[in-house]
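Structures given as C-alpha cells follow.
You will see chain A twice below: alongside chain B first, and alongside chain C after that.
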Partner chain A sequence: MSDWGMQKAALGERLAAGRRHAKGKTVPLPNLPAFLKAVIRSGDRVCLEGDNQKQADILASALANLDPAEVHDLHMVQSGVVLPAHLDIFEKGIARRLDFSYSGPQAARIAKMLFGRKIELGAVHTYLELFARYFIDLTPNVALIAAVSADKDGNLYTGPNTEDTPTVVEATSYKNGLVVAQVTEIVDKVPRVDIPGDLVHFVVEAGRPFYVEPLFTRDPAAITETQILTAMLAIKGIYAPYGVRRLNHGIGFNTAAIELLLPTYGEKLGLKGNICTHFALNPHPTLIPAIENGWVDQIHCFGSEVGMEDYVAARSDIFFTGPDGSLRSNRAFCQTAGLYACDMFIGSTLQIDLEGHSSTVTTSRIAGFGGAPNMGSDPRGRRHPSEPWLKAGAEAAPDAPAALRRGRKLVVQIGETFGDRNAPLFVERLDALELARALNLDLAPVMVYSDDVTHIVTEEGIANLLMCRTKDEREQAIRGVAGYTDIGRARDPKLVEQLRQRGVIRRPEDLGIDPLDADRRLLAARSIKDLMLASGGLYRPPSRFRNW
Partner chain B sequence: MTTVTADTGSLSWYEASARQRIDALVDAGSFQEFIGPELRETSPHLSIFDLPEQFDDGIVVGRSRLQGSPVLVAAQEGRFMGGAFGEVHGAKLTGLLRAACALHQDVLILFDTGGVRLQEANAGELAIAEIMRAVVEARRAGINVIGLIGGRAGCYGGGSLIAGTCSRLIVSEQGRISVSGPEVIETNRGIEEFDSRDRALVWRTMGGKHRYLIGGADLFVDDEALAFRQAAIDALRGKRGYDKAVLEAEQKRLERRLQRFGEAKDAVEIWQALGLDAPTEIPALPTDAFLRAAGKRENADDAR
Partner chain C sequence: MEKLSFRLSSPNSAGGTRTQAIVGVVASGNLEVLLERTSPADVCTIEIATAAHGFGLVWDAVVRDFAARRSAGGLRISINDGGARPDTVALRLAQGVRKIEEPER
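So, the complex of A and B:
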C-alpha cells in the first residue's frame, strides 16, 4: 500500500520544527539561525531568492552562517548568484550543487570556484528555462524569498520589484515545499497582496529593505559619439524600414543612445508612433525623454529600477501598476512577453565570431545568461503575424510560399568594432569555447546563436544576415562591418562590395547618414540630471549616479 | 513638448572640447593660436611609454578679443590624458603668461585637468611651479588672470594650485576644484574617509556649488558657453592689486574659514553653519534659486 502523502507529512514536520522558533508565522530576527537549522535538511533543494535585482540578503547571510556539520549538500536553484554570501554557502560546504541563470557581480569568483571544484555545476540557464525547470525537475523543497512587507497572516507586498517571487512561490508552495519570506516590516494591512498568505509559511522582519542593485541606469554622460552613430544607423536602417513597434532593448550604452535619440533624431525622421511604441523592458531612466514626448504607449517590466519608483507610479498609463499605485513587475511573464510578443531584440555583446555566434563570456568570468538568450532568439512556436516579423521572414526565404513561410524575429547585435579597452568585437574564436573546454562543459556559453541573429550594427554599417545565402556570404557580411579589427582587415573587398550593392551591407552613406552628425548634442538628455529634470523631478537617481 | 529634452542648440561647457570652448567664449573669428598643432610640438616623454601623443599636447593657447578687448587665452583639453600637465603643455601656459606681462594683456585660463602627468612628473611639477610664479608676476604687473572651471576632468592637483593663484575663478556646478581627487583620497585614507564612487558626495565636497559657497570661487554660472563668456566679461572689469596687504587678508580669511568649518564632517554641515535655508536641498537647486540661497556664502573677495 503506497503512502501518497509523504511530502505533505514532511512539510508538516518542517512546519512543526519551525513553529518552535516562531510566534505564529513570524520568526523573530534573533531566532533566525536556529529556525533555519530546524527547517532545512541536508540534501534539500533550496531556492534562495537572488533575482536579477532584488536579493533576500538577510536570509542569504543566515544560510551562509549555518554549521556545515549540521546542514550540508544543499542543491541551490536560484536565478541570480549576486551576493558574496551566495558563494560563501559553497565555500563553507553547506551547499554543493548549483543551477542558476545570472551571476554578474560574482562572475569572476564563480569561475574560480568552478575551476576549484568548490561548486558542482548543474547548468547555466536562461531565466525562463530555470523557471520552467522549477515546475518539472528542479522544484525547491525550501524557498527563501524577499518582499517589502507582510501582514500577520503572511500576505506579502513585494513592491515594484516583484520580479521572480510569484514563480518561486508557485513552484515551491503548491508542491509541498516550505516558503520563508524576509520583509522590511510587518504591517497591519499590506498595500496590495502580491503573494497570498496561505502560500507563505514563515515571515522574518528584517527591519531594513532588501538589497537591490541599480542595473539598468546608464549615465548619458558616458555615451560616446561612436555609440550615437551606431544608434542612428539602427534607427534609420532597421527600426524605420521594418516598422518595429514591439521590442526589447539590452542594457548597453548603444541602446541607451537609441532611447535618447528617439525624441530628437527619431522625431526628425518622422518616426513617432511608427516605432518603439510597446516595450518589454525594465524602467530604463534613459527612456524618460521618449516617454515624456509621447513616443511610448506601453511597457511591461521584468523588475523595477532604483530611483524610478515615483516616476513609474505617476505614469500608470504606460506602466503596469497595482491599485496601490506602484509598479507590478513579473520576470516570468515579461520574459514570455519578450519572447513571443516582441518583434525585435537589440543588444550589445562582447564577442562575435565569423558565423555570428555571440557571447559575453571571457575566460575568467562566468556572468551567466539572464534573459538575453530568450529575448535574442527566434521563437519557433510563434504563430501571430506582424509587419516586421513577416518582412524579416520574407527576406530570409524570398522563394517560399508566403502562407507557409515562418516570420523571423529581428535579433540585432550592436556595438563598436573596438569595445571597452580596445578589445575587438569580432574574433576568430569565442573565449566561451576555451571556457567550455577548461570546465569540461557540454555546451559553450553562447548568448545568441548564429542562426538567431539577423543583423549586426557597428559604426561601419549594418550587416543584414537574413539576406545572406551562403556561409561565405555570411562571413564576408560580418567581416564587412568589422572595420579595422583583424577580422575586418581580412575581408574580401570584392565580395564585400557586391554585398553592399545588394543591400546586405549598408554603410552610413548608403543610409544618408553623415558620421559627423553623430554629436552628443543629439541626445535628448546628456546627463543623469537632464533625466531627472525631464521626469519633472519624479526620477530620483541613487547617490552614486548624481553629479550634483 | 521640447522642454523635456536637453537644449540641443546650446553648447554645454562640460561637454565641449577645448577648441569648442574657445570658439564660443571669445569674439567670433578673433582667436589666433600660438604654437598650433601644425607645428607638432609634442611631448618628449610619452613615446617612451608607448603612449599616444597629441599635436597640441592637450592645451590650446593664443590671442583673441573679448567684447573687442584683447585677451590671451589658454584652454586645456580634458579628453587628452585628462588634461594633465606635462613639459610642453606646461611650457605653453608659462609662455602665454610671460607674454601677458610683455603685452600687458589679461589672461583667461580654461582649466580642465586632473593635475600632473605621472609619465612626466618631474617636468610637470616644475611646470606647475613656473606657471604659479608667472601668474603671480602677471598679477603684480596689474594683469587679471581669470580661471574658468567646468570641464569633465575638473581642476585637480597642480591645476587647483594654479587656480588658487588666479585673480578670479568662474565655476559651474559641474566644475570640481580640489588638490586630491576622489580616488586618491579613497586609496590613501580608505573608503570610510571618502567613497569615490558616491558621486553625490564627490560633488558636494568638490563641486562648483560648494566651492562657491565657501569662497573657493568668485562667480557661479550655468553649464553654458555663453554664461561663461558673460562671466569672463564681468570678471575682467576693474583691476585688483596683489600686494602684502591682500595676501595677509587672504591668510586671515582662510584661518577664519578653518575655524568656522574645520570640525564639519560633511559639506551639508558647512552649509548649515553658513545659515543657508534648507541646506540639504542645495545640490538640487537650479542656478537662479541657488544664487538666491547663496546670499550668506563666505566671501571670496579679499585676495582676488
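So, the complex of A and C:
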C-alpha cells in the first residue's frame, strides 16, 4: 500500500520547523540563518531567484552563510548566477550541482570553478527552457524569491520587476515545495497582488529593496559611427524590405543605435508605422525617443529597467501595467512572446564561425545564454502567417509550394567586425568547442545555431544566409561581410562579387547609404541626459549614468 | 609613430570640385583624414602616420579596397591615425571621398 501524501507530509515538517523561527508567516531578519537551516535539507533542489536583472540578494547571502557540515549537496536550479554569493555557495560546499541560464557578471569565476570541478554542471539553458524544466524534472523543493512588499498573509507585490517570480512560485508551491520571500517591507495592504499569499509560506522583511541591475541601459554617448552605419544597414536592408513590425532587440550598442535612429533616419525613409510597432522588450531607455515620436504601439516586458518605472507608468497605452499603475513584467510570458509572436530577433554576439554558428563563450568566460537562443531561434511550432515570416520562408525555399512552405523567423546577428579589445567577431573555430572538450560536455554552448541565423550584419554589409544554396556560398557570404579580420581577408573575391550581384551580400553603397550620414548627429539622443529630457523628466537614470 | 605610404591606381576620379576636405578627429581609436585634389586623375596616394605599429598588411588591404571601390582618383590622402580599427578607417575614407564631392558650404 503506497502512501500518496509523502511530499505533503515533508512540506508539513518543513513548515513546522520554520514556524519555530517565525511569527505567523513573518521571519524576523535576525532569525533568518536559523530559519534557513531549519527548512532546507541536504540534497534539496533549491531555486534561488535571480536573473539578469532582479536578485533575492538577502536570501542568497544567508544561504551562502549556512554551515556546509549541516547543509550540503544542494542542487541549485536558477536563472542567473550573478552575485558573488551564488558561487560562494559552491565554493563552500553547500551546493554541488547547478542548472542555470545566465551568468554575465560571474562569467570568469564560473568558468574557473567549472574547470576546478567545484561545480557539477547540469546544463546551460535558455530562460524559457529552464522554466519548462521546473515543471518536469527540475521542480524545486525550496524557492527563495524576492518581492517589494508583503502583507501578513503573504500576498506579494513584486512591483515592476515581477520577472521570474510567478513561474518559480507556480512550479514550487503547487508541487509541495516551500516558498520563502524576501520583501523590502511588510504592509497592511499590498498595492496589487502579484503572487497570492496562499502560495507563499514565509516572508522575511529585509528592510531594503532587492538588488536590480540596470542591464538594459546603454549610454548613447558611447555609440560609435561604425555602429550607426551598421544600424542604418539593418534598418534599410532588413527592417524595411521585410516590413518587420513585431520584434525583439538584444542588449548592446548596435540595437541601441537602431532604436535611436528610428525617429531620424527611419522617419526620413518613411518607415514610421511600417516597422518596429510591437516589441517583446524590456523598457530600454534608448527607445524613449521612438516611443515619444509615436513609432511604437505596444511593448511587453521580461522585466523592468532601473529608472524607467515612472516613465512606464505614465505610458500605459504602450506598456502592460497593473491596477496600481506600475509595470507588470513576466519573463516566461515575454520569452514565449519573443519565440512565437515576433518575426525578428536581432542581437550581437562575440564569435561567429564559417557556418554561422555563434557563441558568447570564450575559453575563460562562460556568460550563459539568458533568453537569446530562445528569441534567436526559428519556432517550428509556429502556424500563423505574417509578411516577414512568409517572405523569409520564400527566400529559403523558393521552389516549395507556397501553401505548404514554412515561414522563417528572421534571426539577425549584428556587430562590428572587430569587437572589444580588437577581438575579431569572425573565427575559424568557436572557443565554445574547446571549452566543451575541456569540460567534457556533450554539447558546445552555442548561442545561435547556424540553421537558425538568417542574416549577419556588419559595417561592411549584410549577408543574407537564407539565399545561400551551398555550404561554400554560405561560407563566402560570411567571409564577404567579415571585413579585415583574417576570415574576411581570406575570402574568394570573385565568389563574393557574384553573391553581391545576386543580392546575397549587400553593401552600404548597394543600399544607397551615404557614409556621411554615419554621424552621431543622426542619433535622436546623444546622451543619457537627452533621454531624460525626451521623457519629459519621467526617466530617472541611475546615478552611475549621470555625468552632469 | 610608424609611417606608411601607398601609390595606388584608382580608375574613377573623385567627384566635385572642392580642393580639399577633412574628416574625423585625432583621438585614441580614431583618425583624421585630409584629402587634397593634387594627384594625377587616375592615381590615389595615401600617406599614413600611425600610433599602432605592425599593422602594415591590414593597412595595405584597407587602402587597396578603398582605391578600387571608391572614386578616389586624383586624391592625395594624409592619415593621422590614433590606433583606429580597420572598420573605422574604411568608414573615414568613405566619408572623405563623399565630403570632397560635396559643394563648399
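By our rule, the second predicted complex is superposed on the first by the 548 of 548 C-alpha atoms of A that agree within 3 Å, B and C clash if a C-alpha of one lies under 4 Å from a C-alpha of the other, contacts with A are read in each partner's own complex, and residues count from 1 in each chain.
One rule holds in what follows: a residue touches a chain if its C-beta (ideal position, glycine included) is under 8 Å from a C-beta of that chain, and two chains touch if they have at least 3 such contacts.
All figures in this text were calculated on a predicted structure; none of them were measured in a lab.
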{"item": "Chain B versus chain C as contact partner of A:Ala534, first or second or both or neither", "value": "first"}
{"item": "Contacts of A:Asn293 with chain B and chain C, given as first, second, both or neither", "value": "first"}
{"item": "Touching partner for A:Ser543 - first (chain B), second (chain C), both, neither", "value": "first"}
{"item": "Which of chain B and chain C A:Leu523 touches, first, second, both or neither", "value": "first"}
{"item": "Chain A residues contacted in one complex by chain B, in the other by chain C", "value": "none"}
{"item": "Residue ranges of chain A in contact with chain B within the complex", "value": "263-264, 288-289, 292-294, 520-527, 530, 533-534, 543-548"}
{"item": "Complex contact set, residues of chain B against chain A", "value": "1, 4-6, 8, 12, 14-15, 173-174, 197-203, 207, 209, 283-284"}
{"item": "Chain A - residues contacting chain C, complex", "value": "224-226, 229, 416-418, 422, 458-460, 483-484, 489, 508-509, 514-516, 518"}
{"item": "Complex contact set, residues of chain C against chain A", "value": "58, 61-62, 69, 85-88, 90-91, 94-95, 98-99, 102"}
